[in-house]
């Protein structure tokens, strides 16, 4: 399997070349074009594993209940994948450290990657500006993620602060808390940052440069009333 | 994109994607050779870059020099901006609202584009014609949708564009809309196309970046991601995959292209973006 | 201070490395991520700038009180390009809302832009940056620098920044019919010799493109 | 790697060490009598078991970290919690306490997730047609009308309606028997003729009926127009639009409200959806059946529905056939799901139930009405 991210960071698409016999699992609706030689199958779960519980759990994260499996039977083929919003995509090889991914950022993964849902806890669900559930990807193999904005990695050694709503994914060796920005509440509120996420430990966190909500608030008032 | 090559212990280049593609085809370069371009974190193999090369290769490279008017495209691929140099006395047709800058000797005239089909395609009913008076002039064009821009030179051939893809054209290009699909009583989805034929420059744009795909045989594209395709390609609208995929794959309708030709696809599509803006829109009253 | 612009035209962001003792000022909510031990303080921005210049009421001062370099990522609220300008005593005019960040010695102020500018929904005031230091500004879309020798016309919603000696006049795009139906409305006529910067897309243009499809 | 049956002593894990490439390496953790050892292609590390600190950490406290005072800045970790069960570690009271705390945390999280998940099967139920029907029936008619008006406004923004009072009055008279036959107490039907030459008619929730001029002008008999309208009115009275809407968005609304999202967004996107909507085949069939009931009750010859059905099919085929480059798409139309089957069904029912029954012509001056409508369009056809 050969994954290339093209046209990033503005409107990235992932080109997945599948050799004969290879396959990839994607979020429903992510395909934009493909060789007609590929075989498509829609299921509620990851191939050969998981259960209907998996589908239900995925549903609560706001992801599609259904997953599409693209398989190259007999002959190689390509499939282009893209998210719905403008933004970047990330190709990451999981090497044993599970990756925690924002719901909505998952695009695709190799069959050798396991997928599960993790509840963030009530505090983080309310205040982190992120989804209440995270997707945990573990095992070995490539995964493809997406975000609104450019994606940049930060290697954390000790502590690092990421504004709420800017987390794409992080390695599970990191833990994070929601804290107020700056030293005081006045700074936190007046400075417009409010609450931020503080990461602790060793590992990599991938951030999105922009926040879709801020863009929505800038664009919204100019649009037709609903 | 400028690509640096590392092989036999030495650096070569930089080359354009088109050059690299040709050198690969000729066997001067091997897929396992190392390559690098700005934006990459480290050297990678040419094999890994193949997809990017395909996407970055300017379409219709052979005919790319063919043009009536000088032009340049900047800020590709996300916010492509077109600057056209209009020779004295000549006129350029431009999509309404797209003018961003212009010389003061350009005269603008608004033309109504006829036909009910304009309503159907959801396109603006008006076109602006810019004529350079008393000497050459320059116009900067910024389409409304964030995305890429493409130029083709029509010489008697025909191109089909998605309904909102038209940006600008020379006066020798005929633009008419073709209705496709049927809605309502028979229920179904529709695909509106504009047919561009004649002779002259034509510029069209996308939502998101553009990926040209040269179809030889069979290719499947989500209908929302079709930007344009060349005449002569056979196509058929249908669903993806089997019975379950029909309802649940989330892929909507797809178009199967057959034959020889080029399809331009866009990496984003409007409906899901429009849906996303919903919570941010003002409420009535 | 070492700052680089990344993310291309689409999603430009500023990667800043603050040396010990250095400070950078940024508009509220510009921080995307930062080292946990940078000091962040909100300061009042001044009434004129916030009320007239389209900026936020508070700005954040980020200061490195540690003994090593510290990292900070700043962005604007919309997708788009960012430009970094070194000022050596000269002045730069910006459209309201374009300001993102600056070094402490750059003075940000407001200037009367004219009644017509206000009526054309371009703001009665414009922002100015002067002094010695670095200022970052940005807008939705890509940013392109253009030179005017004599005069030229720019769609009002596309002008982002310009040199102070340029004269701006707001007028109708064509005849009344064209201005109403051709979608161009008001345009800005720029006169003089100098440079200006345009944005290759505008939020207004995006909204006009989206609205018929909503 | 791990021996089944007995406690394993080798675990997948990793190490953080400033000297490792990228500061990190993945490999295997092994517990021997005196030490815990890390092995990887990039090198190894060994902590003596005495003095080793074991703690749960990382995201959601799901990982086991090992640190040692003699090796500052370094740590070993694994996601396999079974390592805590290793006999060498189980002797350490600190480890036992960590285990207990972790178990409590997991239980709490599991309970939370379970609560939310219990609500999901209920949500899936909503997707069922009868339940959607039940909900649709309980939606106030004012809401339906508001929705219909909203969509109609959207249409009139794009196309013109025929304003002539005579034409509308005449058309109203023609439809009167059909409306009486429907006899709906819930809906007040309002008909609008829209200047559009395509063969089309549709009914919106709440009772607004839109008929394209093309449909009227291309009909040979009034029964053809009435047939199509009978079918469309059945969509309204059976609330197919609302039912499909409820089915599609019901689940979304529930989930969004459950998770504190914007429930309205799902609901109000209904307008766009209704204009481009696709009824299920069952709904189409039901509309065919009930539409024919209405026609019979009104004393209108249902043959009109069948002939017009066939006409539309032929017309579209011919129209597309004209364009050489669109010929391929004929396959798309001719294979349109179930059209032939629906025509067959209607024909069979007519043959079965209406043998020999004759119908009075619906209106006598249909040609005159068409001419008048045509004149309203300023002669362009």
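Each chain gets a letter, A, B, C and D, in the order it is written, and its residues are counted from 1.
Operating definition for what follows: a contact is a pair of C-beta atoms (placed from the backbone, for glycine too) under 8 Å apart; a residue touches a chain by one contact, two chains touch by 3 or more.
This is a predicted model, so every value here is computed, not measured.
Steps from chain C to chain D, minimised over paths through touching chains, total 2. Seen from the Cα centre of chain A, the chain whose own Cα centre is farthest off is C. By number of C-beta pairs in contact, B-C leads when B-C and A-D are compared. One finds 28 Å separating the Cα centroids of chain A and chain B. Chain A and chain D have centres, each the mean of its CA atoms, that are 23 Å apart. If you average the Cα atoms of chain A and of chain C, the two centres end up 31 Å apart. Residue positions 268 of chain D each touch two or more of the other chains.
Among the residues of chain A, those touching two or more other chains are numbered 10-11, 86, 217, 219, 223-224, 226. Across the assembly, chain C contributes residues 8-10, 79, 206, 210, 214 that each touch 2 or more other chains. Against chain A, the residues of chain C that register as touching in their complex are 6-13, 15, 27-29, 31-37, 39-42, 44, 56-60, 71, 73, 75, 77-79, 140, 203-204, 206-207, 210-211, 214. On the chain B side of its complex with chain A, the touching residues are 47-52, 54-56, 77-79, 146-147, 208-209, 211, 213, 217-222, 225, 240-242, 244-245, 248-252, 256, 263, 265-269, 272-273, 275-284.
For chain B in complex with chain C, the touching residues are 74-75, 78-81, 96-104, 106-110, 112, 122, 124-126, 128, 140, 142-146, 164, 270, 273-274, 277, 281.
Residues 9-11, 86-88, 149-150, 152, 154, 158-163, 166, 181-183, 186-187, 189-193, 196, 198, 207-211, 214-215, 217-219, 222-224, 226 of chain A are the ones that touch chain C when the two sit in their complex. Interface residues of chain C, counted against chain B in their complex, comprise 8-10, 79-81, 141-142, 144, 146, 151-155, 158, 173-174, 177-178, 181-184, 189, 198, 200-202, 205-206, 208-210, 212-214.
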